[in-house]
Structure formats: structure tokens, C-alpha cells
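Same chain, two partners: chain A is paired with chain B first, then with chain C.
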Partner chain A sequence: MSAESITLEELDATERFLLAIADDEFVTGQRFAEWVTVGPTMEEDNVLSSLAQDEMGHARLWYELIDHGRDLDTVGYNRRPSERRNSILLETEHTDFGDTIVINFLYDTAETLVLEAVAETADDAVGSRATKVLEEERYHLEHATQWLERLVSTDEGRRRVTASFERLLPRSADLFAFDAAVGTAPSTAGILSRPTDELRAAWRETVEETISSLPLEVSADALEAAVSEPVTNGRAGEHTDALTALLDSIHAEGLPADHPASGYHA
Partner chain B sequence: MTQPYEVFVQWKRGGAHEHAVTVTASDREMALTLAKRNVDVRGAPVSIWVTPRSEIAQTSADDPTLAPSIEREYRNVSWYARERQ
Partner chain C sequence: MKLEERIAAGQLIESGDELTDEYRELLCGIIQFTANSEFMGAFAESEWIPRAPSYQRKLALIAKNQDEIGHAQMQYQLAEDLGRDREQMLTSLLAGENGFGNAFHYPADEWIDIGLLAWMLDGAAMQLQHSLMKTSYGPYARIMKRVCREEEFHIRHGEHIVREYATGSREKQERLQAGVDRWWSRAVMFFGLSDSRSEKSERMDELGIKPKTNDELRQQYFDTYVPKLRNYGIDIPDENLYYDEETEQWEYTPPDWEEFNRIVTEGGPETQARLDRRRTAFEETAWVRDALEAYDGTTANRFANNITA
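Right, the complex of A and B next:
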């Protein structure tokens, strides 16, 4: 095993697509794990930890396919922000539990659509992993929708969940914004059964249906921003300061010492 | 308002539902959602029941009618098992 991490140059278009999916899971797992010991209730704390573990497990499944023989911890932890391809939605700081639930809903809806398209088409290592991950995604979506319905049962809940959607919808614009080579290669290589713009349209439909079924008044601008050209595209390696801060906080725990070859701070 | 729900898990098909944990929830659907990921570290459940704790009737700690004061062991199944030996 090499201690060096993977570089984008050595990945083909399909692998870069899988890297984006893996990085989504990795960053989501990290953000969910931040709730450990400070969840809204003991029981929900356990659930959020369980979801965080799911996401890290999913990240591992995808990294394993593209690690080129590298150590998985190194692949997951020791890549600079510019080398990462996760959506900026997922690196965003969670300012309250409502943010977590809205991200849970927006992301897991998108991920389910992408993985269904993968599972329908590829019946190899990629397809079987997609099928496995989808089984756990059903619970993730159940968790998101159950909480959304209950959080909006009070005035304060409606106000805060609306604010979360307003803040987070524009950051969802890169969920399907895989760059040209990555976006088209999987469908031509038979990994996605539907083109990404079709997936984005299906995502929009589900998101709009869910929001309109709840007593929320989310602006048309926010919904439009979610399906417009992203201002910052995580799929192209463009990230916000939130990702740098998140990675720095992980490495501040002494990870570079455990993985001396990381060179993350070099 | 939230209230405590008692969670009962069936670990094996055909087996009894055993009390596993208590979750606090606003309603029974949410209680089930929370229960699923509060028991799964112990294995894979076959089925889960939840019920509001307030729906459970309970005997008092010193209920004199729980145990007979007059010897009547002959009424227990074990009596007949012993007699057959």
C-alpha cells in the first residue's frame, strides 16, 4: 500500500464521477458526526451517529473502487479542498438541527436518484454497491421526511425550516453539476441510465412537491437557484471556506502525525 | 408534546417481542423511526412494536394477588412433570 493519496490526474472520467459520490458521503458523514453528544435528544443523537456511520461506510465502498491501491484513510482524509469533488451543500456548516434535516432531505433525495440510475444500468462492482447503499438510503429519507413534517408543526419550526431551505437550496445547485467529462462519460459508459439533467429535473420535482406539501413559504428564487448554474461548483473543485475549516478541524486532532505521509499541511 | 414510548423488538421470526429500549417521541410513527436506529446496534430486528408508556397498565409493587399465600404448588406445570418421574 502506498501512503500517497490519489490524484485527480490518475482517475478516468468514471472514477472521477465515483470520487464525487464518495466525497459527498465523506463530508456528510463528518457533518453528521458533529452532532455526537449534542443531538436534540438522546435517541436522535444515536440516530444521527448511526447515519454518520452509514455515510462513512458508503464513502468507503466508493473509495475502494478508485483507490488505486492506496490506504483508504489516506484517500479519505488527506486530500486538499481543491482535490475534492463533493457538493458545497454538504460542506456547509449546520447552524441548527433544521439545517441538518433539510440537508438530509435535499442530499438523500439527490443521491437516491443518482444511485437508482447507477443500479439500473451497471451490474458489476459499481451496480451492486449502488444497490447496497440504496437500501440504507430508504431509512435516511424516512428520517428526513418524518422530521420535516414534525419540525414545521410550530411557528418557530416553520420559520427556521424556511430559513434553512432559503439558505441551502442555492447551495444545492452543484448536486448534479458534474463537469462535462464526468457528467457525460458515465452515461456513455453505461453507468448512469439517465442523463444528469434529467436527474436534476426529477430532483426538482420531488423537492417542490415536498415543500408545497408542508406549511412553508419558500421563495421561488431559492428554488430556481437550486437548479441554476452553480456559483461555486464543488464538482469542479471549487469549495467554500467551510470545507477548509472542516478538514483543518479533522487534522487539528493530530491526523497528520498518524499519517505522516499526508503532507496535508505541507 | 412528546412522550415516552416503550420499544419491543422481535429478534427471531416466531419469537416473542422483548422490551428493548424507551424512546421519546411526538407520535408513534416518529417513535418507530427513532426506535429502528436505537436498537440496530444489537443485531437485525425482525419486527418492532412501540406503544406509549401511558397505555401500559402496571401492577403495584406490593400487589398481594400476584403470589398465592397458601401453598398450591400442585397447580404449577412443574408439579406434574415431577409426579411423572
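Right, the complex of A and C next:
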């Protein structure tokens, strides 16, 4: 609560990169958890609870590596929007279940590529975590692709999923914009085995393939925006109001003063 | 042997056995009640997932809610096997036609309410669930074994929060006491009216569906919770509560049964808002179930998709 927040200056390049990865996971977990008990089916409630726990568990794995002696609440829970390095895609409010699945798909596709590139270069502590996380992400990605196939089975489903891609692809532009967070290219800093351009290109290929395999008409503009320079780069601490609202919702009014979350001030 | 003779002889009834209409009706009634309570309980508590006061508490609360949803799902499935329709059951729950635990008709405005729901109210429900491990319907008894195993963790999670408050700042201690003042009579009421031996409860007993009476369960609850509450320095808000050594029974002020009846029939302060929110969620996700149905090409069960993660 009163503990000093972590500052970027005290983190080295790898740690700054991991902070961005961890923030991605944390914010995603928070969004998935909003579905618990209000999902489309009870079976899906159960799955979304698992995904939320996985993501928040992954975030914890990374936060613990870079906490410099701070506790988990200081590092994971109580940092302000400007201190966060997650992609703006992940802070976006889910307006319907279609958004959830499209974010699940776009993000987990990106994360898999990134972590594979981490696992190839990293030392033991980082590499073994990346491998562990990758094992679970495989199921997350499968969850997204299975649902995409199902959701487009009706006119309404196709309309909604198309709208989600149109809305969310432009917000994906910072998924690989790690240079801003790290201060240099993560591949030259020895964090990633491949340059981020290559990862982005691979991501684009998978995304385009998946979209074209489905009865969807997603505009070329939206796809182009997803691989252009980000207008708002979460990796540089630039965020949308959605993140402020999300962090405010974590830090509710009315808690007694000595809970870890009580000391947060936006 | 006839059904009632088999039950009297201590045999378990299994799925596929021939049931009487009465047995099926009474059994489905209690299954729906326990399933609804799990579901509405999770729905009440999940309001606190976004704002759980620490990282670890948030993870624990998500895990707990996941368990409760799983319990509800298993029990609805059981009622489906007995011939009920899941969508129908949910629709009538959301229409306010079906009962669920009285506690979930009240708001949980403070974090300590979440602790007390998990410790005191899940603890009350556990007395019932534990007794149902001996119900005459085998599949239900086996589900209850699993449910009780997981509920142990929920109660521990709740007690952990209570202990944190009991040993914390003066503000926390005061909020804990105020919380127990709010929830105590609701916990006492959870077990239902004193055994007035309605015809229905007598039949539930004879058919071995509900092996323990309301009063037996309530006495058991006092046995466990009175010493625990006192141990945490909490005053129990009933000055007439004492253990009568002679009768070996707890004496207590009868709770406000009029309030109880009103709550379980007409709903409480939070009932309508919660049911409305859940109904909205149900309607907003209808398109997903429609898509599932179109994909599977079947109307058999719009709820049991087989997607896993």
C-alpha cells in the first residue's frame, strides 16, 4: 500500500520487456474475470474462470521475477495507468462475447509468437517460465479458434464477429511495439530471437489466414491498421480511458484502510 | 422390491431405477434448490471479483466462484437426467419462480460480507450438503461428496478473511462485528422453519431424500459456529442463546420467520436487482447459444457445449 511503486529506471531492458508481458496478462485476466457467472453457458463460465486464473497466474510469474523486493500487490495491483505497459487491445472493454473471443484470438496468437522467441534466447528463469506459459496458451488459442468457428454459424454471429474484428484490429497495432517499453529493439538486447517486425508479419499471416477461412468480411483497412505504427502505444505508457476505468474498478471505495488495494490513488 | 421398501432397507436408488412420480418430484425440488443456491451464490459473490482487495484474494475468489458454478452445473445436469429441462429451470429461476438460499437475497456491500458469506453461510449450507451425502438417491449423494470436499476450501477462504479482520485494525474488527450482526439471523434462518413436520418434509424424510431435519442441522451449526465466533472475540447478537446441558440442545431466540417467508417467497432487498442483472446477461448472450445450436445442428442442449480450455 504505502510501498513505493516500481519505476522503469530501476529495471533493465529484459525486466522492462517482462513488465509489458506481465501487464498484458494481468489486464487480460481482469477482463476475462468480468465474465465469471455471466457467460453464455455454465460450461463457458467455468472455462472463462480458468482462463482468468491462468492469465493472472502468468502475470504473477513475471511480476515475481522483476519485483525488486516489492510485494505482488504493489507491482501487479496498484500501479497507475501511466505506469502500465500492456497493449491497449487488452484494456478495451468487451462489449459482447464476440469481443472476448476476438481478443482471445488476436492476443494469444501474438503472445505465442513472442514467447516462442523468448524461449529460444532466454536464460533459465525466464525461459522456463516462457515454456510453462506457452503450454497453457496453446489451450487458450484453441479455445478462441473453436469459438470463432461456432460463433459465425448464424447471420447475427457473423455480423458481431466482423464488427469485433473491425473494432479491435486497429487496437492491436501496439502488440509488438516493444521498442518503446524496452528502450531498444528487444532482439538486439538479446531478449527475442527474432526482430519484432518478423513476429508482426507472422502474426498478420495467421490472422489473415484465420479470417479468410471464416465466412467474414473484414476490411483491408482494419487489417492494415493492425500492422501500422500504433496511434496510441500502450508499450510507451499511452493508454485509453478504458484502462483508467478498469483500474478504478479494482480499487473500490469503502474498504478499510489497511487492505493492499486501499492505498491506490489514480 | 418397491421403491419405498428398497429405501427402507437402506438401498441406494440409482439412475435408471424405476422412480415414483412423488419421489422424482420431491428429489428434483431439492436438487433445483441446491443448484439454484450455488448459482445465485456465485452470482452474488462475483460482484466482488473485479474489486477484491488484493491479488491473492482475487485469485481465490475466482477459483471459488468457478467451483460454485461447477457445482450448479453438476446438479442441473442431474435434474436434467431426471427429466427436467435446463433452459426451463434457468428461466423459472430468473422469473423468480424457484427458490434459492435466503442469504443471496441480501446485498454484499462490503468485502467482509464476502468473507462472512463464505464462512458463515457456506458453513450453514455445508451442514445440509454434508447430510445429503446420505440421501437415498445415489447420484446426488456422490455429487454431494465432491461438493463437500470443495466447500471445505471455500469455508477456509472465508475464515481466513474473518481471521484477518478479527486480528486486524479496530476498524476491521468493528466492521466484522457489524457484519456478524447483519448475517447471524440469516444463517440461523437458512435451515428453514422449525420442524413443524409438514406433510412434505415428512415424506422427504421417509423417502430418505433429506436425511436430517431442519432443527438437527441448525443444532449442528450452533455446535460448530458458536465456539468459533466466540473464539474470534465476536459477540453473537442473541442474548438468549445458550446450551442447555439437560436437553443437550441450543436454545435461541426464534428468528423473524415472517421475514424469512417474505424473503423466500417475495424476495429480499437485492433479489430483483440480481435476477434482473442475470436475466440481462442471459439475454445478451442468447446469440452465442443460437450460434452453438446452429453449429451443432441440434436443439438438444444449448448449454452443454463441449469447448474446453
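For this structure, a couple of remarks:
The working rule: the second predicted complex is superposed on the first by the 244 of 266 C-alpha atoms of A that agree within 3 Å, B and C clash if a C-alpha of one lies under 4 Å from a C-alpha of the other, contacts with A are read in each partner's own complex, and residues count from 1 in each chain.
In the analysis below, a contact is a pair of C-beta atoms (placed from the backbone, for glycine too) under 8 Å apart; a residue touches a chain by one contact, two chains touch by 3 or more.
Worth saying up front: this structure is predicted, and the values here are computed from it rather than measured.
In the superposition on chain A, contact is made by A:41 with both chain B and chain C.
After overlaying the two complexes on the shared chain, residue contacts for A:97 are found with chain C alone; chain B is out of touch. Residue contacts after overlaying the shared chain place A:50 against chain B and chain C alike. Of the two partner chains placed around the shared chain by superposition, chain B and chain C are both touched by A:146. More residues of chain A lie in touch with C than with the remaining chain of the pair chain B and chain C.
Once the two complexes are laid over each other on the shared chain, residue contacts for A:73 go to chain C alone; chain B is not touched. Contact with neither chain B nor chain C is seen for A:124 once the two complexes are overlaid on the shared chain. Common to the chain B and chain C interfaces on chain A are residues 41-44, 46-47, 50-51, 139, 142-143, 146, 150, 153. Chain B meets chain A in the complex at residues 23-27, 29-30, 33-34, 36-38, 40-41. Taken in their complex, chain A has these residues touching chain C: 30, 33-34, 36-47, 49-53, 56-57, 60, 72-73, 76-77, 96-97, 139-140, 142-143, 146-147, 149-154, 156-157, 160, 249-252, 254-262.
Chain C makes touch with chain A in their complex at residues 39, 42-43, 46, 49-56, 58-59, 62-63, 65-66, 69-70, 72-73, 76, 109-111, 165, 168-169, 171-172, 175, 277-278, 281, 284-285, 287-292, 294-295, 302-309. Interface residues of chain A facing chain B in the complex, by the touch rule stated above, are 41-44, 46-47, 50-51, 139, 142-143, 146, 150, 153.
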